[in-house]
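Across the two complexes that follow, chain A remains constant while its partner is chain B and subsequently chain C.
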Partner chain A sequence: MQNLGIDVLFKGTNSLRLLSGLWVAVRISLISVMISILLGLIVGVLMTSKNQILKVIFRIYLEIVRIMPQMVLLFIVYFGTTRVFGWNLDAELAAIFVFSFWGIAEMGDLVRGALISIPKIQYESAMALGMNGKQVYYHVILPQTIRRLIPLSINLITRMIKTTSLVMMIGIVEVLKAAQQIIEANRRSSPNAAFGVFAVVFLLYFLICWPISKLSVYLEKRWS
Partner chain B sequence: MEKALLSVRNLHKEFDRNTILKSIDLDVNKGEVIVIIGPSGCGKSTLLRCLNGLEEIQGGEICLDGKRLQKNAKDISSMRQKIGMVFQSYDLFPHKTILENILLAPIKVQKRTRAEAEAEALKFLEKVGLADRKDDYPRQLSGGQKQRIAIVRALIMHPVVLLLDEITAALDPEMVHEVLQVVLDLAKNGSTMLIVTHEMTFAKAIADRVLFLEHGEIVEESRDPKAFFEMPETERARQFLKSFEY
Partner chain C sequence: MNPDVMISYLPLYKDALFLTMRVGWKGVVIAVLIGLIGSAILHFEIPIAKTVVSAYIQLFRNTPLLVQLFFIYFALPKIGVRISPEACGTWGLGLLGGAYMTETFRSGLENIPKIQFESAESLGMSRGQVFRYVILPQAISSSIPGLMANVIFLLKETSVFSTISLMDLMFTAKDLIGMYAKTIECLTLLVVFYLIMLLPVSILGNIVERRLRYAEFGD
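Entry: the complex of A and B
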């Protein structure tokens, strides 16, 4: 059987480099996911408002995010702003900005969908008890919305984690880039490394995303 | 004559230019049980919803204890605490236990202490025979049980008037009785209530006054429910009551 080239990872600090690349990917997605969830909740509530101007603004925002490939957004924010506005953005910051920009829009839309799926009578019976708007949202609507949101947002989170592989295009050495570098550096000694190392990268992504989707199944069961 | 607890003057309600209620006048005295009947779409549920501020009114006024209700949020909230409402669908909060469902408003809206509110909640639960279900979730209860909890949830706010909007309409027949029994007990204890219902036997038994509504107007009003259900004065009410016979 052919050598799979996994042995490369045991040379020098290669495995450490791969793991620190993974940490970069996890860090970017974690921060972006947290920002997306927090602001997405607010945006989602605003999306259900009756204010026409707000509605149109968020509609355009959502469409931009949906239509534009994440990579184009990354390029605009990282390369585009440098010359035009003279910003010297840190690549990771640019990545977090783009991922949050994307996540907030999609999360907001999920929140909007979950909010309008709550029956009107839930609002009314809470109001009939004398609760004000804030109390109705905080005690009655949001807890139910969040339960409905869990499976949908987990899907978004894992998609965001996977899409961090794009950030290597703006020079961030995340797990995929680290893998590439390791393979390149060992091209002569282990020509088969591309298979083994990328397979390990696959496994790493799996190890990150799988527990998250397990958690969603668990929460869904507990709250159903 | 005693001053009315809740009085409605010339109430007018439109929805998309359709008139739902026109010039409704109504005085509700303390301890009185008023049953509102009428064909579906006659505006009886809308009337209750207007009284609770869930619907905006286009004309007229509603006074509670002689004080005219305003539209601002603070007034609406304090009015809603005084005017309790129970709806047709079991509208408990599905993510909270029975006890939490009942305690939410007294603690958060009326700022009562948990201990005091809980003691009262347990007393109410005892009365409706559901004390042992306090830690269950609404999905574990039958429709009739949920509706009894919804009544308790409204009662714990100490409303001066209780609005019941077809509270048995979505229940299986065998559960209707247990809910109506609770309402009958309330009436005996002097609660002031406005009840919209399709249960004519129940209406006859509980009502001090019957209002027959059609096309957004009070067509007939009777202070003698027995006589009304025997032989209403208006032809339209007669027709309506006839539709309940087989």
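Entry: the complex of A and C
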């Protein structure tokens, strides 16, 4: 495989470098997903409230997240806020902040959708059985909502992992950046390394995201 | 914030906006075409082609656009396939979008209850008529929300084109920040231009979605 340049990965610690880059990407996305799910649940419940002011605020928040590319948000936080406020922000922290900001909106919207998709008759029937408000939520609404939410939030994980590839733009050495470094370092000895290494990166992303999205589809089919 | 600086940057941003829009919309058109063909193949269960389409969907939905672009732009030339940055961006976006569009259209077709086919046939319609007058109108309206969401998603994804040296909005902003360090002015313009590009699409999406609700029957 000399001419396709996959051999580069077996030289020295190159494959280790690539994998540690992958770990950086996965770490950022896992932390962001956890924050998004926790805060997203709260935001989602708040979104169903009838308060007009809250409604307008969340509407604007959702629309910002929907329209602005994550890359622009990354630039604003990493280059913009540091310039305006003069603080020193770690790139990884900036990335987690941006992805959480995005994830909370996505998750909140999913929670809102799941909550309003439960027919009104469920509330009324539970009430008719003599349950109080808390019991209705705990025994009737929550189990159904969670069932609808789990496949969708698993889906959010794969989207988060895919989006982390953007963090190379603010100087974090994740898989793609590590791959570029390896290719540059071995430019003389194997000029075709770009093919092999990028093909492996492509495959790595696929191998991580594919099982997760399969799981989400499986759960969705089983529980619907 | 210095308004004079911002005004002097406007022409550069305008060019970048046109380039981003051109590549973005070309990509969207390719994506829709791939989606239509792909979902038809899946719906009519054409052997072999069906397997290829499913594999393509899985491969492109489970990898980031950035990685796909890097593969097309940096890796393919090593095996003799050389394309310009703009073509790479267009086709990268089109292929990514095609996978998403195929899924959207397919679920649009799948969501139509079987009873619709049977009822139409029992009224004496031919298969072509059933498809043209009963299935297609419902499939189109039920996949419009997904289609609009995909369009916004794809136009947003154009922000990664700067990595393959396409002079899009992101590239222009990054370049100007690097040269003159007017960070705040550049980022403000960046946000404004993305709004110019995407806000109309988002609003249009909301209007179209509301208009098409009539297709939902019964609930």
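Annotations for the structure displayed:
Please note the rule applied: the second predicted complex is superposed on the first by the 208 of 224 C-alpha atoms of A that agree within 3 Å, B and C clash if a C-alpha of one lies under 4 Å from a C-alpha of the other, contacts with A are read in each partner's own complex, and residues count from 1 in each chain.
Operating definition for what follows: contacts are C-beta pairs under 8 Å (C-beta built on N, C-alpha and C of every residue); 3 or more make two chains touch, one makes a residue touch a chain.
Not measured: the values here are computed from a predicted model.
In the superposition on chain A, contact of A:V43 is made with neither chain B nor chain C.
With both structures placed on the common chain, the touch criterion links A:V84 to chain C but leaves chain B unconnected. By the document's definition of touching, neither partner reaches A:V65: not chain B, not chain C.
Applying the stated contact rule after C-alpha superposition, one finds that A:A128 touches chain B and leaves chain C untouched. Look at A:H139: by the touch rule set out above, it reaches chain B but stays clear of chain C. Set against each other, chain B and chain C differ in how many residues of chain A they touch, and the higher count belongs to C.
Residue contacts after overlaying the shared chain place A:I150 against neither chain B nor chain C.
By the touch criterion stated above, A:A199 is placed in contact with chain C alone, chain B being left untouched.
Per the touch definition, chain A reaches chain C in the complex via residues 4-5, 63, 66-72, 75-76, 79-80, 83-84, 158, 162-163, 165-166, 168-169, 176, 179, 183, 192, 194-195, 197-199, 201-202, 205-206, 209-210, 213.
Looking at the complex, you find that chain B touches chain A at residues 52-54, 73, 77-78, 80-81, 84-85, 87, 89, 91, 93-95, 104-105, 108-110, 150, 153-154, 157.
Residue ranges of chain C in contact with chain A, taken from their complex: 58-59, 61-64, 66-68, 70-71, 74-79, 152, 156-160, 162-163, 170, 173-174, 177, 183-184, 187, 190-191, 194-195, 198-199, 202. The touching residues of chain A, when paired with chain B in their complex, are 119, 121-122, 124-133, 135, 139-140, 143-144, 147, 223.
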